[in-house]
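Below is one structure, written out as structure tokens; comments come after it.
Chain nomenclature is as follows: A, B and C, assigned in order of appearance, with residue numbering initiated at 1 for each chain independently.
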Amino acid sequence: MAVEEAELVVPAHEHEEHPKHQKLVIIAWSGDLDKVWPQMILASTGAAMGMQTTIFFTFWGLFSLVKDDVHITGENWMQKMLAMMDRPGMEHLKLGKMNFAGAGPAMMKKLAKEHNVASPGELLEMARELGANLVPCQMTMDLMGLKREDMIDGLGEPVGATAMLMEAQDAITLFI
Amino acid sequence: MAVEEAELVVPAHEHEEHPKHQKLVIIAWSGDLDKVWPQMILASTGAAMGMQTTIFFTFWGLFSLVKDDVHITGENWMQKMLAMMDRPGMEHLKLGKMNFAGAGPAMMKKLAKEHNVASPGELLEMARELGANLVPCQMTMDLMGLKREDMIDGLGEPVGATAMLMEAQDAITLFI
Amino acid sequence: MAVEEAELVVPAHEHEEHPKHQKLVIIAWSGDLDKVWPQMILASTGAAMGMQTTIFFTFWGLFSLVKDDVHITGENWMQKMLAMMDRPGMEHLKLGKMNFAGAGPAMMKKLAKEHNVASPGELLEMARELGANLVPCQMTMDLMGLKREDMIDGLGEPVGATAMLMEAQDAITLFI
């Protein structure tokens, strides 16, 4: 993403502050655009501030990591149905609160672009480049019938709730 | 619940780690199945890790604790109406994001069962047995016209927001 | 608001306890009545307990701060449309989970009043009087085309995600 966009979110003069909390854990549960946005804004901001940042993608949030062209092939009709509900990938996020018959997300994205606010996909990529650890939830992957190759590159090893809670020790931890 | 199911959520080899944060507080606000699940997975996992775990059931989350056969008898029609909206109890949770004309929760529960993921009710029971403190919100009980005998056994004393925030001191605290 | 109402939420005998965590940060993301209520109850309770309390109003939550009589005049039709979706201000909040064809919020407010639970607007005012810092999100203001004069009095300077995460260091931080 363009540097100008990143700077709107993370003003340069604030980079120098040294937070006492060295860790930020975002439990990315929702797959709605208006929740994915704060997930990504907070994670990329935390990473830019030098915090040890982890995003734990679980439940609907996991769909943010699924490749656009993945054809889900769970071993039973339920997994297919469940997996198909949402067309996965960052480009197809829906807006939780309102949808304007489908126009909402496009409108909000256009609005954000005009104001130089980075898109969720750009922020995810920025967070990763800044060192944030993107971790899929193993249990959700199993439930949804998703494999590592179904998901975008650059992810950490899938983990469970225990590993996530260990990472949350002494961290700022947010369920979004 | 069966031991095999619990182990899927809390792998045996992770039991031995000693978290620095000794406390976990789940503010269980939602009564939707797809939120109750993470509430219960995180609480039972935290309790299994030896964390001092508290679930504070408030707003819609309180319905998870109401007995299946309770006939709400608030002193006015509004309480009845409000209380009746949701058929209470863990067995009747609805799915927040999608419902497939009522088929969603059954489908997700079947899917979870096939993958040996414990149900919310099983996880709640497991959390309680592992020592988690299940605390109803006093204000919500008053608003909904619910009494102690309307709720399942094994709960702690109802408390308010102040006691909850005291418990949240030095804890990992999640609003779900 | 009446003192009697405040005391239901914050019992007098609990005022004396001294929390170790001196800070509470509420990320007020939602604008739904059933989420604004816990935002305000927790913030006013934290402030009453002597905690350094900050409410960061972002996304839909920002609408809680917009004056009742504001006529949004963004520079383009999209901002107008986005801003108009919700009739702003604390008095027009909708209920996330159910609406009873518009009767839900009125019913819940009446119910709360009968039980001496303060309204969100009263709790916001109480939180402010008790010293809570009410901070609007600068990015959301920009996106929605909102200016300082569109919002109620007594707010802190608008800030971004970095300042919010700095404030969250060593705080109890909740995304609601």
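Assume contacts are C-beta pairs under 8 Å (C-beta built on N, C-alpha and C of every residue); 3 or more make two chains touch, one makes a residue touch a chain.
It should be emphasised that the depicted structure is a prediction, and the values quoted were computed from it without experimental measurement.
Note: Cα superposition of subunit B onto subunit C, rotation of 120 degrees, nearest 5. Two copies of one chain, subunit A and subunit B, touch each other, and the residues they use overlap weakly: the shared fraction of interface numbers falls below half. If you average the Cα atoms of subunit A and of subunit B, the two centres end up 25 Å apart. Of all residues in subunit C, those touching 2 or more other chains are 173-175, listed in ascending order. Note for the complex: subunit A touches subunit B at residues 27, 29, 58-60, 76, 78-79, 81-82, 85, 139, 142-143, 160-163, 165-166, 168-171, 173-175.
Residues 8-11, 14, 17, 19-21, 24, 34-35, 37-38, 41-42, 45-46, 48-49, 51, 97-98, 100, 107-108, 110-112, 114-115, 117, 172-176 of subunit B are the ones that touch subunit A when the two sit in their complex.
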